[in-house]
């Protein structure tokens, strides 16, 4: 692939995805700046310490001898074109920037393509979510759920489910909820004593106040936790929200209390934020659907870049386990 | 002491307090029924299994061969006059009822005297509480606190602080709060960087939703936990209440959030119900004032009936410790 | 209902199920003896201490002044007809036997009806299980699974899944496996990267060596743990069995190793018997399907005898939680 | 501020405190060397790796291309004058030394001003301490306490309370003790059943053997733990000391035993060094006064450099919490 | 066996050891009273609740309808002759006293034979202990050890090593120490870098202050913990004693410190009373010799009454394990 | 010591062992490459990051500006001659390679001398092991043990006992087993109720499947864990092996089960890999012999390079303790 960088013909540089980089590669292409800080090197010059990303992953890079103009040009969530070398430092790959410029309109590249996103379209997932709400027959449960989702739609379309860890991708929260709804729907056909209304509403609302706990850009990147997010957390924020909306829509107190209990208990263990454990079966199942969905996601992601009969690295969110890729056919 | 039981002159029975009973005693006097259940003995007759109490303590008793009339007469929170024998069974004293009748007006005994109460008068403690609220200068903090206390006054005058354990006595919750306020007031003269408004409000509100978590009789006896109390707990209930009242009095959102954080974190450890640990010094101190007050109360109570140079029994709420009574002068 | 006990006309005794007994009831009917021991009373006479059961539950009973003939007649797993009174002792109901005799052929009662059983027929569940094996396409996985199930069929038709706790009912193990297969089948349609062969085989084999760990009667009642069961446990026994069968059917070593890993890790936590945590997604899901199925079973069972807006007792296998019955419609 | 470094007029360098440094600053001024080691750089030249301090904080610095003369000049606890640049490396500020010389008499700078000290004068705190001892009425308790404090006076005037963490400042131990005495005095007015003699003595003695556990310079800087400090620890050392002094002053055995119990139990949890938990109320309160004083100190320190509505960094000694600065007025 | 009880010829009663009793037995013989309390039965008469013992074990018994004369006659550590019946109550055997009288001189029974004792003679073990001390070559270590053993000889000859649990038998402490010395002697021939002087002294002194922690009768029965034992514990008491004796014999401070460290760390885990873990190999080995000796003792004791291919009951001091008796030859 | 490096006479370079290196040393000599990786420096040149070892220890080194020829020459387990400088970086010594070449035949150096080995000859230890097997009298136990050792002989002669930690030296596993056999032999003379056959076999087999769990070079260096080692672990692998061999030699099922139980339980705690705790005394002792041998080894190793009255560094495998070297004579 040949292309021009600021008018100069470049030959034989590789246009790889980040997850294909190897030590020794000379690469070029478009990347998203996910984080940047200005630092001073041991020879007393400033440089930019940048996290570059594409849809396949992230890499740390250095732009040495940076100017103050550079500091203004290369900021978070900017798309850039660059040429660089890949080396290894302390067991991790690093990108040394040789040339860099901001992406321009004529480049015809779409920032959306540089962000890891849920594998399904937001709008389609959102419509599917609405259908699940439509299936709720208890009018109070439906009223509360419907109201909160309406209020949340804008953010829900792009918010990730976490700062890092599982589903920390664009629309990750919505994707997480939809997958859990599908699983919950199936399992409540097997465990028929469960109340589907409660289960669907619990799934839909369980993490909804992550929209208030974290600040995220429209690219689905969490920039920080909010103050209230840190002092109270999304579980408490979610309970306060249900309480308010329940009053607004005139819902039965028992309904509000049960939904609040489901939110409160869905992390299951006190040390993970749930002061009460589930006391209704729908809350119990909610917890396990949540955990299954995050584990299946994290394991699939871990195995993506692993060969058959090999182990992944240790993965912190999976209790520091390595995951093994079988070759069973 | 001689007196009549149903018209019969009784001679030389002792009128002791429960905490003075010894195995072998023959006693008589007035007692409060704190709990009762109808059971069937091995010879297939019904009997009443009763918990009797006076202001000094409690004892289990049996009214053998009970009639259905008895079942109607002797119910929870009734005051009775009885004659009985004290024996020991499996290391604990037991009262065998010989004669029993309900207390009558002409007995001139006051049920209040049979209930363990806080050592200060409710109304005086309440007035002192109001003075602490008056000293809060931030109007939002004062507004929220004042509103909640006004709403709670009736119950606050007699509620205990717990079903069993520390301050499970009449007006125990109010006494607990007042003692903490006095300590907090003193310590914030030493740690002068603390905000007294926050500290006072945090102390006053920290357990206030125990009024909603538990049902208690006017004698300060908890009969059960409410459904919401079990599914959510007084910490979550307290946060919801502050949220509502803050909106009602138009308080600043930061103020509500900080008070909610203080409630949320005051049990300190996740396994004791606080998903967040204190992140402001006032919340940190609130926790320790709370724990000091309950420990000083429980230890003083444990040592009441212990001689110098002796140990108390193991006390469950004190991590199953024995407490030692020194003879230091 | 009137009927004869040893030729005597009995009038107005109630023929209730055990879970309907109340203190004060006079009852009669047929019951299964689940356990019995000979004891000596305080007046120095022997009596029988018996656990009676029907399909609805169990109750402790006493046959006072027992003879040595009684000791021979009334032994474990015998069906008897009896008349008795129900009383309460230390918060639990107790049955005092007034009359008792062994069930006779002419009574026309079927012992099967007195044992708690899985809600589906063993043979039908077994056939469904075979269909899941038929769907396994990897011939080594199918070979191992098929061989072990063939060997296990006799016991599998009636074994419970545990001595007490979840699925400790007749055919409980088979019912547990079938329900998990249905759930696993559904969820692997959602998490499509999973290998269904491994998942089905893992589910089928995960508890299969409970047949070797415990001794159970054909009524599905565990009488004791085997010596090997105590010294090694069903996880290790299961691994040894897979290893042997894999060699027998000439299976690939990788296949045997993966199935053994799934068995080894399915309790997830070291303290529950799994020295390794799951390292393949199929093993991860196996664990959660197992736990969901036992929780849904235990919670449903706990709520059976609870009224709306009430809590169950604390249930040990559910981490000592109480479960709440909602009244949501 | 203009001043001369080795006779050369320097212009426009800033004379900031360390806690005001920012990446990119050129600074000059006097600093205390708190630690130093000789290292070899990648280009095979030696350099000095130095920790500089002033009363506001500490910073790591490098003196590149150091000579053996440098190694002799710049040692621990020396005061130096230097000029340097501030840069950031791996998220922490670093000082690159441009010029450096030892402080000279004519500089008229006082080393005391470069050390973080307690906010009150040692001698005044010491005198206040003596007054508390004077208030002890039990002559054995007073005798033991008085004797130990007399022996300890020299070190007590400057020792910190720890190597790092809470009160690791000059006279930090004395300041810690005095603050606790003030709190203890106030709270024993509220909890009147406490024995003030025991409480005061326990507070005064609880950490006194830190003087033996650690070696500290007169600047209040801990250089190392003593051998006995490591093998036994200050709690055991303190008990041995009380035992000896009690014998010396002829104190009652019960008194010595109680003071030893207070020392032994004041860390409360076995994993923090207390094999016995408090069994007298004075020991219980001692523990909580200790923990309150360290937390109030650490939180105040953490918030010093934080703006309103911001969080501090995570602070290890505060269980890795962030602390929040409110803007409540 | 025929013999007279208060002048009456008794025929065919069995003279079994306690560990041979079965429900239904009629027994007679001599037993030691290990504990007794006066209680009142449900029919309002007093009775004696007695723990009887012989060298094979213990059993609970009841002497119904006791007189005040009985209360004086039958006290702790008295030897009695009795006739009774054995029955089972709540899974445990119980002895109902039919006849009882104090043992008399003419009975010619020796109380020593009714107490569980170490399997070797105290004096012989003591002499062997002295030989180990003689082998210590470091004069300070020898001096301290020798002095303490001399002071302790009287009690050491009969003290148990614990109130219950391992080696809670007459001379159990001495037996425990001797066995450990033998093991330590052997293992230090294999691990030749160890200092035998330290190891021997550590073994000899490690539990020596149990003599001060507990009060025991000359039969080796612990009656209670001393006050100092409860407030400080034998580890701290042992350290104080070494400190004192070291000063008395003019020993090197390093020696005292090391021995104190060995005592301090020999329980290894903070939650078992050791605030410091072993930091010298001799202390490390001391801990494991201690634990091996108690485990071998407890397991041998547990298996004494178990048949081949059977399990013992769950044994609390063995982490609630059952122990299995193999039939391997 | 003068010698030639590639034909050049070198003067006055020191030929120290690695554990004698100090910062500032110029050294030369022969070393073994234990690990190597190619990295890129900040100036974009490749260099080799090498772990050098001799029999005394290991050190990290850098060969700057490496060529691709270097990468081929200097690989794991190669012996090299080199000249370099020692400096300190972040508290650890580092070797900068000045000259390096592969060792040649004419150097007359033996790679065996550069590897840390057990202090006894493998063949002699192996022969001693066989003698212990000969002493086993139960033919089934002897048959299983003998068969497995025969199969394992080749690897057993050089395998370490671990990747890092205790006995991670050439023939470390064999040395570990032999030392434990000697200790077990001695202690079973003291605890005479133990079955020596079981104990010896348990000791011999307990870690034998480490030969399958890890891949190690003939120098006793573990290169990696096998897949089965990671998915199952040596305990499970060992059980499978005993099961197979027991069937092969026709051993009694009870014997196989007991040996498997000993393997299964020898790590004692579930979190260290033992789902069952020891239930026979031989298994209990096996565990403690194992732990004593590893601790004595690790502590002796830690103290090798420590002066009297000094502490070692914190050592991770010793629960992060420092070990103290006494000066007791």
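First chain written, first letter: the chains are A, B, C, D, E and F, and each begins at residue 1.
As a working rule, contacts are C-beta pairs under 8 Å (C-beta built on N, C-alpha and C of every residue); 3 or more make two chains touch, one makes a residue touch a chain.
It should be emphasised that the depicted structure is a prediction, and the values quoted were computed from it without experimental measurement.
Trainee: Show me the overlap between the contact partners of subunit B and those of subunit C.
Mentor: A, E
Trainee: If I compare contact pairs by residue number, which of E-F, D-E or B-C overlaps with D-F on over half of them?
Mentor: Match found for D-F within E-F, D-E or B-C: B-C.
Trainee: I want to confirm something about subunit D and subunit E. Since they are copies of the same sequence, is their interface symmetric in residue numbering (over half shared, so same) or not (under half, so different)?
Mentor: Looking at both copies, the contact residues mostly coincide.
Trainee: Please tell me the distance, in whole Å, between the geometric centres of subunit A and subunit E computed from their C-alpha atoms.
Mentor: 63
Trainee: Roughly how far is subunit B from subunit E, going centre to centre by Cα mean, in whole Å?
Mentor: The mean C-alpha positions of subunit B and subunit E differ by 44 Å.
Trainee: Approximately how many whole Å separate the CA-defined centres of subunit A and subunit B?
Mentor: That gives a centre separation of 48 Å.
Trainee: Would you give the residues of subunit A that are in contact with at least 2 other chains, written as numbers and ranges?
Mentor: 227, 230-231, 258, 279, 309, 311, 322, 324
Trainee: Using the contact rule from the top, write out all pairs of chains that touch.
Mentor: Result for touching pairs of chains: A-B, A-C, A-D, A-F, B-C, B-D, B-E, C-E, C-F, D-E, D-F, E-F.
Trainee: Spell out the part of subunit E that touches subunit D in their complex, as residue ranges.
Mentor: 227-228, 230-233, 235-236, 239-240, 243-244, 257-258, 260-261, 264, 269-276, 279
Trainee: Could you pull out which subunit B residues touch subunit C in their complex?
Mentor: Per the stated touch rule, the residues are 37-41, 44, 46, 227, 230-231.
Trainee: Per the contact definition, I'd like the list of subunit B residues that touch subunit D in the complex.
Mentor: 138, 141, 179, 182-183, 186-187, 189-191, 193-195, 197-198, 254-255, 258, 277-281, 284-285, 288, 291-292, 295-296, 299-300, 303, 309, 311, 319, 321-324, 326-329
Trainee: Spell out the part of subunit C that touches subunit B in their complex, as residue ranges.
Mentor: Counting only subunit C, the residues touching subunit B are 23-24, 85, 87-89, 96, 309, 311, 322, 324.
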